[in-house]
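Listed below are the structures to be examined.
After this come two complexes, each holding chain A, first together with chain B and then together with chain C.
Showing the complex of A and B:
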């Protein structure tokens, strides 16, 4: 029974922790402009993050080595450093976006400018990273993130034409007033939002934090293969509800308030309150995860002690990186750069940086020296190879599409 | 994880030892294996004797040209007054309990890193060294160094048995050239094609290993098919 609760808790936090600022913004924007016609990208992206997370989780459980240990070992210090620089640039960008997301969510409640809230949010994030127990941080924020289920309820309350929505999901098409290259740009952005590199840095390092062994592979798989797809449903619900409200108006989504608008229309104040709790929990959880990912990755590259399973003074350099990253993110936000714009950049650059860490993980998951009997099976390798192709295409296409479409304008 | 100790049998230094995490007896993290100290024993046998760590071992591995040189210049300029700027930390191989996915030490990490004190030969001096035949024509570059555990009086040691030599194309740290059975199929095919010229040269088949000039000379037929270490 205790085991059952542990698995159930893991799945619930995986659902609640799945959505972050990138998913919120990108899904709402795509829903408003394309309806559910891009639902297949969400499905593709969710399956991709399942394949990637399962492999890195398995490597972490069997070998005790997290993502950037593997990157450094397999690519050497030179390529590893290039990889680290690119991955950390994207993760820091995401970290900035998440902290901005928390501040924007709190602005919805308090009507205080998010710029005034940013330093307090950043301080709270740093405090969590420094003091909170790993499992406490994961579970509390993950469970509160489940509040985003309110988008599913809102979609149902809005009473859409279900057959039309499902038809949009089933066929590959676009609304007549959109160009195919804009369509392709948003497809890559949505793919990058679902498959963000930090999710894997965090997932594999978290496995080491929680001392997974080969025995935990079953639990890990349950979290990944049940939790992530259900989290993906939340993404679809967000896209669906903005599709119903904004689609007929030809309006675009540019603020976090607009993301929450369908919930307010369908469920009133109470619904909006629940949605905002979901926003805060999802972005705060993701802010902690991205912040930790920066510390994890740099420490893993250099061999420093890292992790929240030891006292902060034992992992001093790791905690110094966390503090510096938080200060840097605060500084970036206080330049008054629009956090939504940062989010849009972060999901596109996520798609660019993804192959850098995906490929070494795919190789090591096949290496019997590390994995023994737990090497990739035929299924994992078939999917792994298909996704290697998809990820490479998305990475190569991302920047040209961004320039060509002027970021989907 | 395979339970056996890699250091107790044959291994490839780059593929199985270099850049791995060093963990102490309590499971705390110590450093990375930034380089490996090579020593010529009294009987003329070349062997691996210690792990090297710290920026003094890592920075030279970024290379002698381009960014590698810039990085090294900056590294020196940051502490020009320090005499031990180029002196890496050293962990004797005798302190290594087991080599698995990480290097497990038999002692706690407190005070385990001591300065090497003198410049010894390093694995990195050997890596990428050009290999030529007797006419001076290039055969390839050193991609990896094969090590083997042996027991000789008065104790045990790790000796170098040969070199993996290839054209140095991308992906030489991935191990596909030595493990044809490793998946996924497509990746394996592409990387094995890129490394189809790679081979193994036993240390005894070297005509000359010139550390000063940084060149290795072999005679014809010294390059043998590459198989996994220990097989």
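Showing the complex of A and C:
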């Protein structure tokens, strides 16, 4: 029974923790402009994150060591540095976007400018990273993140033309007034949002924090293969809601306030309140995860003591990195840069950094010296290789598409 | 000697660089197609914000949105319309598009004014004005969408001298 609850809790937190500011913004934008015609990209992205999260989780469970720790040892300092630089830059950008996302969410209920809220949010994030227990942080924020299920309920209540939505999902097409290159830009952005590098680093480092062993591989797989796809359904529900409400108005979605309006239309103030709780929990949870991922990656690469399972004075350098990253993120946001714009950049650059993030994981998960009998099977390798190809295409196309379409204009 | 000659040779190169850089900073005139794309984008962005404000206002009237949420949506929309207006207003229109430039900037200014008026009414809790403002926003939004459609085509060639 205890095992059942552990699995159920893991799945629920995986669902609630799946959506972050990048998913919220990108899915809402895409839904309003393209309906559910890009649902297949979400499905593709979710399958991809499942493949690589399972690999990195398995590496952590079998070796007891996290990704960067092994990447540097297995592939050498040069490849390790390339891996670190690419994923760190994107993770830091995502960290900035998530803190901005929490502030924007709180602005919706307080109408106080998000700029005034940023220092308080950043302090709260740092405090959680410093003081809160890992499992408490992950479970509480993940469970509150489940509030985003309200988008599914709202979509149901809005009474859309389901056959039309399902047809959009099933067919690769675009609305007549959109260009294919804009369509391709958003496809890459959605793919990047689903496969953000921090997710695998956090997942594997979290496995080490929670002292997974080979016995936990089954639970880990349940979290990944049930939790993540159900989290992906939340992304589709967000896209579906904005498609139903903003699509007919021919209106784009550029702010978090707009994202919540379909819920208000369908479910009123109570639904809207639940959606805002979901926004805060999803962005705060992701802020903590990205902040920790910055600390994890640097500490693991440098060979420092790291993690929340050791006392802060034992992992002083790790905690110093967390504090400095939080200060840096606050400074960036206080320049008045638009957090939504930062989010848009972070998902596109995430696509650019993907090969450097995922290739080393595939190599390590294939190494019998580290993995023993748990080395990648044929299925994992086939999927991993196919995804590496897709990731390469997305990485090469991301910047040219961003320039050509002027960020999806 | 070589140093002095090198310095003399560097002057024309520096001059060319300065001219190139300052020339690049001078406002250029986009061609008709790219101006139309920019104008369409600005008008479309503004229409989206105007429709959002209308939707939020009507939802508030039905008791489905909190006051502070409405205020935040309005502030964001006001910023969005302002950004759209500034972006196209600061762009040099091609000669053939001068007339439509005036129409575009005029309608964007009008939309910005209307959103600002709505924000003032919302902050002052003048709830009795919400319905009338929502109707005006609906009209302004439709007018912007019509203008966006119109901007898909090059201007009709003028037969007069003007």
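What we mean here is this: the second predicted complex is superposed on the first by the 409 of 409 C-alpha atoms of A that agree within 3 Å, B and C clash if a C-alpha of one lies under 4 Å from a C-alpha of the other, contacts with A are read in each partner's own complex, and residues count from 1 in each chain.
Just so we're on the same page, a contact is a pair of C-beta atoms (placed from the backbone, for glycine too) under 8 Å apart; a residue touches a chain by one contact, two chains touch by 3 or more.
Just so you know, these numbers come straight off a predicted model, no measurement behind them.
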Of chain C and chain B, partner touching more chain A residues: B
Partner chain in contact with A:385 - chain B first, chain C second, else both or neither: first
Which of chain B and chain C A:187 touches, first, second, both or neither: neither
Contacts of A:310 with chain B and chain C, given as first, second, both or neither: first
First, second, both or neither for A:375, with chain B first and chain C second: first
Touching partner for A:125 - first (chain B), second (chain C), both, neither: neither
Which superposed partner A:38 touches (first chain B, second chain C, both, neither): neither
Chain B versus chain C as contact partner of A:234, first or second or both or neither: neither
Chain B and chain C contact sites that coincide on chain A, given as residue numbers: none
Sites on chain A touched by chain C in the complex: 107-111, 245-246, 249-255, 257-258, 260-261, 264-265, 268-269, 272-273, 276, 409
Residue numbers on chain A that touch chain B, as the complex places them: 62-65, 69, 72-78, 80-81, 214, 300, 302-306, 310, 314, 362-363, 366-372, 375-376, 381-382, 384-385, 388
Chain A partner contacts - residues on chain C that touch it in the complex: 37, 41, 44-45, 47-49, 51-52, 55-56, 59, 63-66, 68-69, 71-73, 75-77, 80, 141, 145
Touch list for chain B against partner chain A, complex: 1-2, 6, 14, 16, 18-22, 28-32, 34, 53, 58, 61-63, 68, 100-102, 173-175, 179, 182-187
